[in-house]
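Multiple structures are listed underneath, in structure tokens.
In the two complexes that follow, chain A is the common piece, with chain B as its partner first and chain C second.
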Partner chain A sequence: MTELRVATEFSRYLGGRYRDDGPWSGEEFREDFLRPRIERAIKSHGVLHVVFDGVAGMPTSFLEEAFGGFLRTPGIDVVAVRGALKLDADDPDLWPYLKLAEKFMDQQAKRR
Partner chain B sequence: MSFLNNYDEMLGFIYARHWYGFVPGACSTHKMVSTDLCRVKSIELDAALVLVADYHSSLLIQRNYKPYINDDQWLPEVRAVLDMMGFYELVEATGRTMQDEKRYSSPLKFVPFVSADKVLGEKADELIESLKVAAGRTPKRVAIYAALVEAIKNVYNHAYPSNRPTTVVRGAPNWWAAGAYNPDRNELTFAVYDQGVGIPFTLPRMSFFQAVLQRCPPEFNDADVIAGAIDYGRTSTDMLERGNGLWTICKLVEELPGSQVRLMSGRGQVTYTSKGAVHKKLQANPFYGTLIQWSLILPKEEMSAGAAR
Partner chain C sequence: MVAITASPGEDNPVTAWFIDKLAPPLISGLLLTVVASVVIARSMERYRGRREHLTRAVDALRLQLAAVQSLGAEYWSAKLTVPKALAIEAELEFTLQDISALAKISAPDLWKTRDSEGPSLVAELLDKVTGPDFGKPTHVPDLNRVREIATRAALLSAKLTTDRHRFMSKGKLFG
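Our next item is the complex of A and B:
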């Protein structure tokens, strides 16, 4: 199991949807952090825990682009990604947003 | 001064400021234009934010220009509010005295405005931190951040299109945000404002607009369209598509009973309450840009000892 601590490795201040919106966007997180780490986890038959504790907040557009957007990637193995990705937080204030991110992924998976 | 209680007067004041401040030839020299608030008895967050944003926007497009103001005769409470919001960093004042703070202690704790032309979470967090200092704490901090960033993102994505009408004054394409804490009402108020084209201009260009129209009466107006867009986001089961932005902004108030959010854009004013009620109002004159103001009633059990005093 490997961890990706969003607040320390990426940013405390999650931003908008696209890179053009400004720094720390969902697109930036997905392409520069999430994708390479998940690919490594899948190759090693491991699980990537994405931990959100410490972030200032979790904007909806960020979550949709990062996680829903990841499953929109052409040719991606959805089952493998869902098996290798776990979203986590100890802070209960963040739990509704973890559920929302899961929902974005579920809905995108159904569309494929 | 308040857009809630004196909408037309406040709007007239802002339009007059633009006329003299931005229209070439409207005044022989810009330096002679001075804002007069002598007769203003009080100033609310919405009006103060729009005024501060207007000055800041002027400064962003006219670097090194600090407008002159004569505030000798302004009431101390008006000066105090504007001082707390950071207004005096933007102007050359004549009458501001360091004694104001001793002579007048505002019951409302306003916080300095923040502004940017991008979606910057740091700025949203800076505002929340200031509100935390003013109120003692900020319950629903994560949800407030999400609502603020969504509002800011809407500004960046939609408020300043390259094809915006020429009637819109070309100020800085920024967003501005500020807030206040009212200890008597245990109320946290904060707002995001932009000087863009407005929601009723933007929505018809969206792919989901037909679905919004289905929620509007046959002869719809700006308030109907804004309320329709909120309802579309609330009832839409397809969360992957666009159109959830206004609902994301509004649903924050459902978590705190007695709270509400007010959206002013175009001629429409829509208030969404914590009970899910929508109140629509059509103004005679269009608002300048978009203003979203949340008024959150903090739960008593979550008050800190410092804030409760």
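Our next item is the complex of A and C:
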């Protein structure tokens, strides 16, 4: 099991959807952090825990682009990604956003 | 307990009897009454404070739910210019975060674990307001969303009101 702590490894202040929207976007997170770490986790038959504790907020367009967008990537193995990716937060304020991110991934998985 | 007795020079038997037999329980009773009334008064004050805090949180939540319906309708019912869409998106994100925090305060019983009903209801509302096209410059009007936002907001409000009533009637405010 490996961990990706968003607040310390990426940013406490998550941005918008695309790189053009400014720093710390969902697209930047997906391409530069999430994709390489998930690929490594799948190769090693492990699980990547993305931990959101410490972030100042979770913009919904960031979440959609990072997680829903990841499952839109052509050629990706949706089942392997869903098995290798877990979203976590101990902070109760973040729980609805974790459920939302999972919902975004489920919606994209159903569309494929 | 220290016994109160008549002084050696005292010769009134009624006074001696009063001091010896009646005064100690009277003093003890008085002390107990004072302590109990202080404890009850503090407890009532705390109850009123918590009730007021919860009532204010629920009132603020209702206002934010009304705001999210109005903003959501504006966002999803018409084609907007990019600056206008950006402004509404930012306001919606802020309002939704506020709703999430207020919902947690208003209904602690619905927020015990990540899979409890509270986070799920808020997540449903978040999903309807900020669907997959939210924040994209190409987002298109979607009138179904306007109706779904109203439904989810009403569900959340009703559930929180019921839970708040149950929370107060169970006497958990004293906890």
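As a convention for this text, the second predicted complex is superposed on the first by the 112 of 112 C-alpha atoms of A that agree within 3 Å, B and C clash if a C-alpha of one lies under 4 Å from a C-alpha of the other, contacts with A are read in each partner's own complex, and residues count from 1 in each chain.
We take it that a contact is a pair of C-beta atoms (placed from the backbone, for glycine too) under 8 Å apart; a residue touches a chain by one contact, two chains touch by 3 or more.
Here the structure is a predicted model, which means the values were calculated and not measured.
With chain A as the common reference, the superposed partners chain B and chain C clash.
When the shared chain is aligned, no partner comes close enough to touch A:V51: not chain B, not chain C. In the superposed model, A:S25 makes contact with chain B only, not with chain C.
When the shared chain is aligned, chain B and chain C each come close enough to touch A:R17. Legend: residue contacts after superposition of the two complexes on their common chain; A:Q107 is shown touching both chain B and chain C. Between chain B and chain C, B touches the greater number of residues of chain A. In the superposition on chain A, contact of A:A41 is made with neither chain B nor chain C.
Judged by the touch definition given at the top, the superposed model places A:L98 against chain C, while chain B stays out of reach.
Judged by the touch definition given at the top, the superposed model places A:E64 against both chain B and chain C. The interface of chain A with chain B overlaps its interface with chain C at residues 16-17, 21, 57, 59-61, 64, 68, 93, 97, 103-104, 107. Taken in their complex, chain A has these residues touching chain B: 11-17, 21-25, 56-62, 64, 68, 91, 93-94, 97, 103-104, 107-108, 111.
Looking at the complex, you find that chain C touches chain A at residues 89, 93, 96-97, 100-101, 104, 111, 114, 118-120, 122-123, 126-127, 129-130, 132, 134-136.
Taken together, the chain A residues at the contact with chain C in this complex read 16-17, 21, 57, 59-61, 64-65, 68, 89, 92-93, 95-100, 103-104, 107.
Residues of chain B touching chain A in their complex: 116, 118-122, 124-125, 128, 140-146, 148-150, 152-153, 156-157, 238-240, 244-245, 248.
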